[in-house]
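Below, each structure is written out as structure tokens.
Two complexes follow with chain A in common, the first pairing it with chain B and the second with chain C.
And then the complex of A and B:
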């Protein structure tokens, strides 16, 4: 395993800047997740690390060595592609064994067999080892693709949305499993996803990508609690953060330049049901809202509220739906608001 | 359907679609859907029966007789399996089968090797590859009759370009050898012409095979540190194999019944060195007028090609299954 460094890496396709001056330092054994919407440049960033694309500017270092001009085969990386790129004419077993049959490894047949079977257990595909790789479901194919990466012991693992095609249950299982395997191997892993839960649960650090730029890099907690702009704040949190003009909340002490405030759903408490905010409530950030709809999710209820022209969402306890009806008025109190200026940049007050 | 409660799917277009066949079948003079379907395919079936199936059955029948098409009034006797026995022991027939085997084997081997190599080069997408693809395809677009005549001139010992090219590379005297006139060279002369003409076709099919391999497979192999050599042997070749096998099948069947081009080039000569099966068959049927005998020969050829093709298609399917 090794550390990986991107230094001011840029890549353009004709007029489109896919990756724009990205710098990241990934420590040995670190799990870094790049999070961003489709088209943010996540795949391109991974391909730059793998050597499948050549950057216009900047350099890529693996284990302290500048590998910018190196071919993929010289870089000692393993890659899980977004579209599970199995070798369709080979069996599952041969797919898993393929990377081991490189002259870079000097394994004999029984060592390869043992390694393949061990990895097949890890990704829970052992029972299909002798299937044709095209006779698998999408989820099974993706597990084989992950297994093909894990079968080697590369300097760095690169994974491009490896779980996005799996069903929810398997995704949850593999999320935990992948994190465990990574810890166990002490693997350096650069992982790409658009799924915030994957990012939050697995990452040591998350990098937020938007239009090719690395907007923020930090631990999941830093990114969640201390976002640098509206875009990052809105990317994490389910339901998404409530964004309101500062003027909507009465009596707030917002910083001078702030124009938007963001309040996460868990920071918006219902303090009075069936009542309007009255003058003798002392807390500063209070607001009256009308309940429009309750979404029952089992462990929690999402309250969709209307506040003048604005819609907001907050959480209520499990049985709140028995106590209030759509149309009822309620009073809310906001805590820990985040402020943003006109350009969406964070204003710290 | 009539008893189902109305659903959202019962939009007017769906209703119309559901109703149309029933109304139509009533309006076409009381014909049912099935009958209408039969009317549509009947012309094709009749044509197939008339020009394929009936002659085949008729030939089977004739193959058991001593019928001669040039003696219409002669008595036709049933000779049982005698025609078949004589064919299988006739040295001339075996000579023809050997000439055919030589021709089929070498043309397929050369066309597959050269065709695949060309396809592999063109798939590298070098500059001007579209232009060269078109140039390479030209021979295939000519008629075999044109190609036959054309190559007779190229093979002329005194004026032919072919002999001069050979001279250029080997230094041998141009008129010291005759491609079409020599017993040793003539079988190779027809192989060269067929290869010249049909390699482009094999190349085209191989190119389709190579283009069907997605780029990301190669990228995966590159990341997996497979050498170029290994990428070729364990990805390119196996994934293009069904296409290559298809090309071999088409060329094999086609060359097993080769007639026109060889007829124009050598007429089966010198002696009978290039007399492939179809030429022998034509001699028996329309020069010697042994209709019953040649029918039996045709049936044997048919069964042989049909059987081999069937075995081959099974193998092809197994390769595709992997």
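And then the complex of A and C:
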């Protein structure tokens, strides 16, 4: 395993800048997740590290060595693609053995067999080794695809939304498994996703990509609690952060240049029901809102509220729906608000 | 669009399937009449073959096949009767017509020429076509669209339009009436079809497969060999059949550019003359045998052929 460094890497396709001056240092054994919407340049970034694309500017270093001009086969990386993960003309076993049979390795048949079987255990596909790769379920295919990356012992693993085509349950299971395997192997892993849960649960550090730029890089907690701009703040958190003009909250001591405030749902407490905000409550940032709708999710309820022209969402306990009806007035108190200026950049008080 | 399943848009009804099946069978029967006629004519005697009205019921004989493979000369009745017992059925049939077999005809060498030239040019065209199509499919080729159109445009001219220049060129180059010359010519004609067909097939193979192989330590050529080719077999088989059918049946170039050593079967068959004009049973016998290889090949690869024909119409 090795560390990976991107230094000011840029890639354009005709007029479109797909990756814009991205710099990251990934430590040996670190799990870094790039998070961003479709078209943010996540795949292109991975392809640049793998050598499938040549950057217009900047350099890629693997294990301290500048590999910018190297062919993919010379870089010692393994890649799990978003789609088309398995060779349809080969069995599961041959798919797993394929990387080991390359000219880059000089393993004999019994070594290959041992390695393939070890990895098949690791990704729990041993019972399907002799199946055709097209005769697998989506989850099994993706296990094999991950297994094929794991059979080698590369400098770095690159994974492009490997779980995005799976259903929620499988995605959850494989997420846990993948994290466990990565820890076990001490693998350096650069992982791409648009799913914030995957990013939050697996990453040592998250890099937020937006329109080719790396907007913020930090631990999941840093990114969540201390976002650099309104896009990053909106990216994480389910339901999304409530964004409101500073003026709508009474008694707010907002910084001078702030124009928008962001309040996460868990920081918006219901302090009174069926009453107007009482003036003798001295806590700042109180607001009255009308309940529009309750979404019952089992362990919690999402309260959709209307506040003048604005809609906000907060959380209530599991049985709140029995106590209040849509249309009723309630008082909320906000904590830990984040402020942003007119351009969406963070303003720190 | 759910709930109402009384009329399905995708699944044809039993009645329409029956009607369609009936029409297809009728059409197939009609198109097979000439083939059927050729096959039965091969077993007729020369008088039966030209009798009017045409005979559907007749006494079958192998005379056409014997005449196809032999050359014969007429002898006096005394000479024929003085000969020993006939060797084989052809000898017997020939003697009944007061003739003796004096040697083999040119049919078999011509047939061999056809095999060499058709298969040779097919292999070459598919080989070149696969590599070219892969190049166009995977690399940024400058002016790719114009080049592809140019490649296709070589197919637009009828053979007769280019036959004279090619004839002159081949004479200068010493390629006229050689198997090599014919292989090169048919390859040149077929390669455009091969490139276009195969490019479509290779475009369908996601490039991620090769990229994965290259990341895993294979060179581009090795990835092509191990990953692209196995997935392109259907396309290659379909392309090969189309190329083979063209080269096997080609007549215009063959008639103009070959006369002796490299002559293929199509220009040879119409020259089979018997006494008093064309020997129709022998011609029919030659045609029947000529159809067999392509028939076998097509039946063996019919799945791929179908996929080649309906290419692009069906999404996976």
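In this text, the second predicted complex is superposed on the first by the 347 of 349 C-alpha atoms of A that agree within 3 Å, B and C clash if a C-alpha of one lies under 4 Å from a C-alpha of the other, contacts with A are read in each partner's own complex, and residues count from 1 in each chain.
Going forward, a residue touches a chain if its C-beta (ideal position, glycine included) is under 8 Å from a C-beta of that chain, and two chains touch if they have at least 3 such contacts.
Being a predicted model, the structure only gives us computed values, none of them experimental.
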Ask   = Quick one: chain B and chain C on chain A, clash or fit?
value = clash
Ask   = Of the partners chain B and chain C, which touch A:143 in the superposed model: first, second, both, neither?
value = neither
Inquiry  = For A:89 in the superposed arrangement: first (chain B), second (chain C), both or neither?
reply    = both
Query = Which partner does A:103 reach: the first (chain B), the second (chain C), both, or neither?
reply = both
Query = Can A:71 be said to touch chain B (first), chain C (second), both, or neither?
reply = both
Key: First, second, both or neither for A:132, with chain B first and chain C second   = first
Request  = Look at A:50 in the shared chain and tell me whether it touches chain B only, chain C only, both, or neither; answer first, second, both or neither.
outcome  = both
Request  = With chain B in view, single out which of the stretches 73-81, 91-99, 253-261 or 307-315 of chain C clashes with it after superposition.
outcome  = 253-261
Message = Output the chain A positions appearing in both contact lists, the one against chain B and the one against chain C.
response = 50, 52, 71-73, 77-79, 81, 83, 87-89, 98-99, 102-104, 148, 152
Request  = Would you tell me which residues of chain A are touching chain C in their complex?
outcome  = 50-52, 71-73, 75, 77-79, 81, 83-84, 87-89, 98-99, 102-105, 148, 152
Inquiry  = Could you list, by residue number, the parts of chain A that touch chain B in their complex?
reply    = 50, 52, 71-73, 76-79, 81, 83, 85, 87-90, 98-99, 101-104, 132, 148, 152
Ask   = For the complex, which residues does chain B have touching chain A?
value = 214, 216-217, 219-227, 230, 234-235, 238-239, 321-322
Ask   = In their complex, what parts of chain C are in touch with chain A?
value = 206, 208-209, 211-219, 222, 226-227, 230-231
